[in-house]
Amino acid sequence: MKKNCLLKKMAITAVLTALCFSVYAQEQKEYPKQEPMRPAMSEYWTPQPKVVTPGTATGNAFLSAPSDAIVLFDGKDLSEWESPKDGSPAQWNVHDGVVTVNKKAGDIQTKRKFENFQLHIEWMIPANITGTGQVRGNSGVYMQGKYEVQVLDSYKSETYVNGQAGSIYKQTPPLANAMRKPGEWNVYDIIYSAPVFKEDGTYRIPPTITVIQNGIVLQNHTTILGTTEYIGFPKVEKHGAGPILLQSHGDPSEPISFRNIWIREL
Amino acid sequence: MKKNCLLKKMAITAVLTALCFSVYAQEQKEYPKQEPMRPAMSEYWTPQPKVVTPGTATGNAFLSAPSDAIVLFDGKDLSEWESPKDGSPAQWNVHDGVVTVNKKAGDIQTKRKFENFQLHIEWMIPANITGTGQVRGNSGVYMQGKYEVQVLDSYKSETYVNGQAGSIYKQTPPLANAMRKPGEWNVYDIIYSAPVFKEDGTYRIPPTITVIQNGIVLQNHTTILGTTEYIGFPKVEKHGAGPILLQSHGDPSEPISFRNIWIREL
Amino acid sequence: MKKNCLLKKMAITAVLTALCFSVYAQEQKEYPKQEPMRPAMSEYWTPQPKVVTPGTATGNAFLSAPSDAIVLFDGKDLSEWESPKDGSPAQWNVHDGVVTVNKKAGDIQTKRKFENFQLHIEWMIPANITGTGQVRGNSGVYMQGKYEVQVLDSYKSETYVNGQAGSIYKQTPPLANAMRKPGEWNVYDIIYSAPVFKEDGTYRIPPTITVIQNGIVLQNHTTILGTTEYIGFPKVEKHGAGPILLQSHGDPSEPISFRNIWIREL
Amino acid sequence: MKKNCLLKKMAITAVLTALCFSVYAQEQKEYPKQEPMRPAMSEYWTPQPKVVTPGTATGNAFLSAPSDAIVLFDGKDLSEWESPKDGSPAQWNVHDGVVTVNKKAGDIQTKRKFENFQLHIEWMIPANITGTGQVRGNSGVYMQGKYEVQVLDSYKSETYVNGQAGSIYKQTPPLANAMRKPGEWNVYDIIYSAPVFKEDGTYRIPPTITVIQNGIVLQNHTTILGTTEYIGFPKVEKHGAGPILLQSHGDPSEPISFRNIWIREL
């Protein structure tokens, strides 16, 4: 091939190549790349989270309080509790490291008030429980004195599902029936987020709750619709920090017991 | 008073009364009341939640699998696990009811894939661990193979906070440092919700995670921002169900061990 | 002061100073700093969002469809609509660029089904409307055929608040009464996110809705509790994509009209 | 078959049938039905939402303030605005019913502070704009003085997507490019929810934002990750109510203008 010819051929190739690149560029428009980072750019050192010494497990249900928990009941006395009626001392029966419902005394609640927290509470239906459905060791744990997680013997005992153990009472049934039988201890581990209110008293952010019974998730970040009402729809009403309240339901048979109650503010 | 006058007076009084009522009505306008309900109207009976027999606690950390859990490691073999590289058998060391990281084998992952679940996993930093910071028993538990909860010895050992035990690695530090010391077993109880994607591959609903270590809440329904990246920002990329993956980080000193791994789909 | 005394004083000062420094050091422990970044590290270029040509506003309420919208009613015909009873053609009355409810024909719904979307719809209560409360131009826009945003004349007309214009019917009242009077056009701009279901048919993520009437926010990312029920509690039942449905309520007086209906999938 | 044999066979069949019925009965266990309600039980009348007179639309973008809005700029003066540097009067240029950025004066912010709100703001890139990418009418609307929705000419002009019009600057790109061209008015309708903080200064609930440009949804209840930072990751820092701030970016070419700014607290 002569030199002239070669140059022409090269020129044509160049044009084709340019054309080809142009089409390619259109299809594959080149955008700037995100500038690369180094590992330490996504690492930060402060504030260091607080150090908490975990509790110690004993037996099948008992997990002692972590170092930063407020112990609400340690088996000895009810100094952290009062009657919601008049603030008088809580009159339930403390014995053998547990506290047993006293029907005559009514509900009891903590003197302290809480907003967002993690709560650990253990409860036992008496082995000789009688009764059926809702009349079988009925009690309840109320968040901020208003929102009830049902306590009841649901071991081989059925009732309406939004009223069985681990339900948000009259609202949301539990995801499972995770009961240990009467005479054995059950554990609730609860993570609760308080509502945020608008000025008109309605929820800007409703309360949410996670409930774990004996290691099994029953409520998974469930939205609470309003206060627990025995009759009718839940109510939405403005409130601030509130106590943990334990219900005395007044069943005719042997009453239920609680132990090892502690709470960590979140 | 004459009859005429009386009538006039009565008429004026009537007008005043009517006026008064009208004002009152405006201020205290009577709206219909919500019609009262009966208790059984807010009770429903089906479907009854499934019955799950809780696990049994032994010692300070061990809680055996509930009846409906998939047991991923029961101390005997790695039949539920494989190498993420090629699906070949997982080559970590099973001994004494535990499984210990094998640096040469790399990461391992479950053969099964999961979406929304509750995961229980126990892990122990060897008592004779050496090294500092990130080089101290470093491993990790990945949700859906993509989102890492850091495993590391953070007992009296500091590092960047979004890289310590219980952090969503390179994203969110834990709420507390809840470590048991090297040679003791730690427990993670994790509740995970998978993301929901739009067609363009971005999150419609991002993944969320709750992490409890030794009974202490470390992550409280934390939003996960994207995949775990050692360098740079988390990435958002579409995916379906994915495995639980355990990281082999390759530290020079004695490797960490796992035991009693089970999962419940939610 | 004698020299001895001065030395002692200096010694004490030195100890105090050292102590003070020690405390200070403890408080001001030096942690590594997060490595600085450059601006382009937090900038990314792809994918570029789609280009949408906005609609054109005419008069007081009309905003024409953006370029990527599906036009559900453009004033000419009901080709996008059908009877929910049997899929037969929608028999409402098209005239003057609007469509007016035909009581005899019952509800109408779109042939297409939707999940997550932005919906624009304009509606007019006839100027000569009669009746009171719920019997005053009653209609409704149903998301996915199941969740109703109430359409009603609430201009200087009261009813139960969870049944007035802009309410999630029988669930959540609107944040305001933003009505234009009978004979004038009202606009609803709605942003709707479909629920995500668990296998058991309950919501993993409930539906949410934002409703803007005439430029005023009535529902602000409101959680929908379940299907719209005239009697009793909302129901939670599994479903997939669903139509937009317009209600024929069958009031005795002059029926209401709709126009300019378009939807953008999100 | 002998009679004896037949009887035996019948007996076995009967047992099988009984067994079968028993299984069936177990599957079809009769539970109590939820007690029926009446319509008025799910209707409530108070409180009646406030009555708001909607604004009036004029031309293609202008929607005047509803009756309950705080008018931040009505075309006449900047009495609601100040300099964020020292609280001195805002020195931007008011003319022809609009306000135009004054580079020398820097940013301006509202004297009032806000938490949760709906904001309407109109803005126009000058018809003779020059420059490219980020240097093309760059400004911004900051929620609570901290979180920026980008204002920029993105009409047929590309830049990094988390920096184009309608992006949460350096965080989240818009869902669409909904620009009107230079010389025409654009509208932002924004719904913003303020963050809720924990005591440690981190978000308990992060801020969320919905942005609608010219009737098109750009941000759909987007979670804001932290303050807008030109360099590096968003920062999380505790704050209370804050102003609306408009940015003076100091581009060399003709500056952009705003008009018709109003806000409603939610």
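Chains here go by letter, A, B, C and D, matching the order in which they are written, and residues are numbered from 1 within each.
Quick note on the criterion: a contact is a pair of C-beta atoms (placed from the backbone, for glycine too) under 8 Å apart; a residue touches a chain by one contact, two chains touch by 3 or more.
Please read all numbers here as calculations on a predicted model, not as lab measurements.
At the subunit A-subunit B interface, residue numbers used by both copies make up over half of all numbers present, so the two copies contact each other through mostly the same positions. Rotation angle for the C-alpha superposition of subunit A on subunit D: 175 degrees, rounded in steps of 5. Chain pairs B-C and B-D differ in how many C-beta pairs they share in contact, with the greater number at B-D. Each chain gets a centre from the mean of its Cα atoms; for subunit B and subunit D, those two points are 27 Å apart. With centres defined as mean CA coordinates, subunit B is found 10 Å away from subunit A.
Counting partner chains per residue, subunit C shows two or more touched chains at residues 31-32, 34, 36-38, 41-48, 158, 160, 193, 232-233, 266.
Arrangement of the chains shown, judged by which pairs touch: all-to-all, with no pair of chains left without contact. Across the complex, subunit D meets subunit B through its residues 31-38, 40-41, 43-46, 48, 223, 225.
For subunit D in complex with subunit A, the residues that touch the partner chain are 31-32, 41-42, 47, 116, 158, 160, 193, 196, 198, 200, 204-205, 232-233, 266. Interface residues of subunit C, counted against subunit D in their complex, comprise 34, 36-39, 41-52, 54-57, 59-61, 63, 66, 68, 118, 120, 158-164, 170, 173-178, 180, 189, 191, 193, 208, 210, 212-217, 220-221, 229-233, 264, 266.
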